[in-house]
């Protein structure tokens, strides 16, 4: 089936006080047509940069260092094709065309992402004009109201006419999603939409997004730092840690192998906490959360410092973790994981 | 409680190198304090008396700030009156015909110091010049005039240089040198008072008035701002309304009013300056305190067991607003200098027998028309330097005490 | 150890209608246990904690702590005697640390309120207890990371040797690894100091596994789920 | 309630605030001038003087000026226009100067040039307005050979006319740091807007943010300039006196430096006009804030 977005070996870095800090290392990602893909990653894992690179919004120097991004079947970014100046220009132009029309994004805090001094109606019209759509005002408002109704909003009329600070949390979320879907995009990126919500509100927000995407044939790229969001609502999950893709698995068979994903699973299911509760002072392999190696040294495997699996291995195997970089290609069936010892 | 980031609104910005500004501020402040004490000790004999309107005796300043009068004459002999006496006729030459002296001569000298001047002659080919008229003791050696004035040559001494060009025409350039007993580095005003002495005496209005204005503005303004922000009740809206009203009246009018009402007593006027500055201090402290009151910080402090008084005055004001208060205080000092100079210039502040930089500027204004710039330039420099000193002091101290910038 | 009977609290919102947040709450907390309270955001769990500790005045009901009814005694008495034993860790610790002063100084000021001797030692012990290196004594809150700030606030709460810790969403908003380590420290400290925890959160995956007894707070009343 | 109704009542509320503040200040002013010692009015008690001044203020019949002879209305209008000219043109200059500069330095703020710009402005702005004015006069005398006096405007050649008009404006703008403070507020506003999450949202939706940036700048410009009017007028009074510009400041000084038979009616009239300028700009300021942020009417919901 045709792919919507494909990222191949993407490297992104930033200058910070002198040296260049690389944020994304050889990240590869495929979002197939009409599918829901999840990215799980904690703060500093580079998940936001991956999303921004698709939209061409990475600011700062040097930004995108190398890599390829393909949208449908033409390249919007190909650093190997031609000179830096040329591919940067093409990259800028193509993403400019995609933004809003083909790909749209909803950020973390819905209420803060709405224009404070415009009513929702005015914002819808402004968004539509920016995309130089040709519909008249009435059509746009009608379009917006039907979108809001689809998200089972009790009184779309009142929401359309009011300012963001008059709306409740749920209402501003739905209004924000409406604005994103107004340009009828073919790919919706949701960047941590549930991070300030409790479990229940998060679930019904994600259900709304899932329903809308499947009805309108929009493929979804969901980014979250909470594993439960991604497990229940997506078809394929990429695990990001410190700019590296550590694992790619589908939640159906629920058997991730990489120690980091296992650690996240144990936190979500609570086993680790049960063990900690049983004996807080024990330091068996699982509950020993101490650091491997020393703090500011760089190791080949990005997760080595926190990896509880490597503590149980012989020093020879540990050397492998420290010096040879595990790559995503070594995989069993469709569960790719970048670890030497987890098979 | 809504979580709000703790961006504290501060006055001024860290534009400059931290220790540099502080060092500069401290040096200027210490100079001012030294001048204050020095002028307080010397009192009367601080200001030396000399000839009126004397340009600065430091040669660099004199060249920059004063173009001396050099009158030029064409000398013709009148055959008819050959027997009768002075047969020479001087006809005035103005600058546009020819310029006899290209460089400007020094026109002042102290007793006992050697006066030397090497004139650059404007004529193309000329035999060397001779001194037609000169005070005793002045001699010319290979094109350089040298002379050591003694005590009975004090006052104006005319010097005339006689030149003749290739085709025999004779010219004369006449200028005068003023000899003084004392050394007047920056020259004197119309009444012959040494400008450097006047500036030192005038410096007494830089520190003390600022103290009055700053203490009123900082203590009362800070108190009102902190209390009204912390208790956020009816008091808050009343105090803010008063601050808004006081701020709506232009500061200078309040100062004029108080000056006229208290017969130009500068210390009362400084109380007025304090009142004028009070609203801005109050608003800044109020907005800083509000930021703390609105998030959990105050409640968590009271949960720990601190009394309200301690939370407001130590936890919020002393720990966090100290740097703002300091930079506001130094601004008050700078503003009080500015106001004192302005009202003294306009005649509503320090009156004539007394001395202040504003009065000097006023005198300097009239001498501007005679192109005597030193009476304006030096007081202006002194004022700007002291104000800049306080502002740099404020910026430096603020960076030193601001916890955010550590 | 702490018995809450018939606690009631209602809010008047803008258009005058009364909203009953807490309707006749009854709960008894035994010494040394970890009690978890789950509730959606906005169900009044923070109000419950604040009214028990009298940071907010309840409408009616009594809170017995070792026989003393906190509702009856004066604010000063609470501040001098009770506050040191019942400590409250806030939801956003960044907002409860004084940004203008070093961590060590904050701890010292808190310690000075209730103790007079060996202040420096107590500060060093509490830092070491929560797993913060000693050098952090002289660093400012804005120099600390999210996890470290939470540990500094915990150190400030522990310095007065309390018996009970009320914590509002102590672990939310942290990376899983930091969260695990913080939970581990919480549990170790509880073992070491025989503390009683009252943890309030909307995140069931932590509360279910960490607490001995769990209550759900819904439309104003507390139901027990697990004992 | 429809939007129009709420905005009209808010409009009236702001107007009421300004009018009340105007009268409160004027009454206070009338009371304060009773403290001015006046050898001619020794017999009159303060309360009598106060009631007399109040009467003048409320009935607005100022009659003839004892200082200048002709009717007060004429004097105040004539010099009022001159001062208003200075106020408006200096504001225009400030806007022309700060908007491009702040746009430039906000867009490339760590650029060496914009940091230099900040530093230079910071130092220049701490030079008091009096000193700046006198230096400008000194320069104009030595370089242009013109003594900038107001009457030159009538009988001088057009070079002198231009000099008489523009030199005071430079003094007003450069002196007392008004330029720097407005430049700084604008710079912060631009940076703040660019970092707002909803601006990033618009960019991500392919919209352009320029109209929001322009809107933010105009609002911040109007609010900061009108907020600084009373500070600006203080500066203008000094410049009027240094450049002998017969505006309201000139009259104020004449009245205050008199020691007896002060022209109190003229003083009240001049003060009233100055306060009118201040209150008008205060009203514009509050009105702009209300108009530019319509959501402020509704307190933020849960």
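Letters A, B, C and D mark the chains as written, and numbering starts fresh at 1 in each.
To be clear about the criterion, a contact is a pair of C-beta atoms (placed from the backbone, for glycine too) under 8 Å apart; a residue touches a chain by one contact, two chains touch by 3 or more.
Bear in mind the structure is a predicted one, so any value in this text is a computation, not a measurement.
The set of chains in contact with chain A as well as chain C is empty. Each of B-D and A-D has its own count of C-beta contacts, and the greater count is at B-D. When chain centres are defined as mean Cα coordinates, B lies farthest from chain A.
Here the CA centre of chain B is 27 Å from the CA centre of chain D.
We define each chain's centre as the mean of its Cα atoms; on that basis chain A and chain D are separated by 52 Å.
Between chain A and chain B, the centres computed from C-alpha atoms are 63 Å apart.
We define each chain's centre as the mean of its Cα atoms; on that basis chain B and chain C are separated by 61 Å. Along chain B, no residue makes contact with two or more other chains. Interchain contacts close the chains into one ring where each touches exactly two others, per the touch definition above. Counting only pairs that meet the touch rule, the chains in contact are A-C, A-D, B-C, B-D.
Remark: chain A residues 55, 57, 96, 99-101, 104-105, 107, 109, 112-117, 126-127, 130-131, 162-169, 176, 179-180, 183 touch chain D in the complex. If you check the complex, the residues on chain D that touch chain B are 21, 24-25, 29, 32-33, 35-37, 115, 118-119, 122-123, 126-131, 134-135, 137-138, 141-142, 147, 176, 184, 230-231, 233-234, 237-238, 241-242, 249, 252-253, 256-257, 271, 274-275, 278-279, 282. On chain B, the positions that touch chain D within their shared complex are 13, 15-16, 244-245, 247-253, 256-257, 259-261, 263, 334, 337-338, 341-342, 345-348, 358, 361, 364-365, 368-369, 371, 373, 376-377, 380, 383-384, 387-388, 391.
Across the complex, chain C is touched by residues 1, 3-4, 6, 295-297, 299-307, 315, 319-320, 322, 403-404, 406 of chain B.
Across the interface of their complex, chain B is touched by residues 53, 55, 79-80, 83-84, 87-88, 90-92, 94-101, 109-110, 113-114, 140, 142, 156, 160 of chain C.
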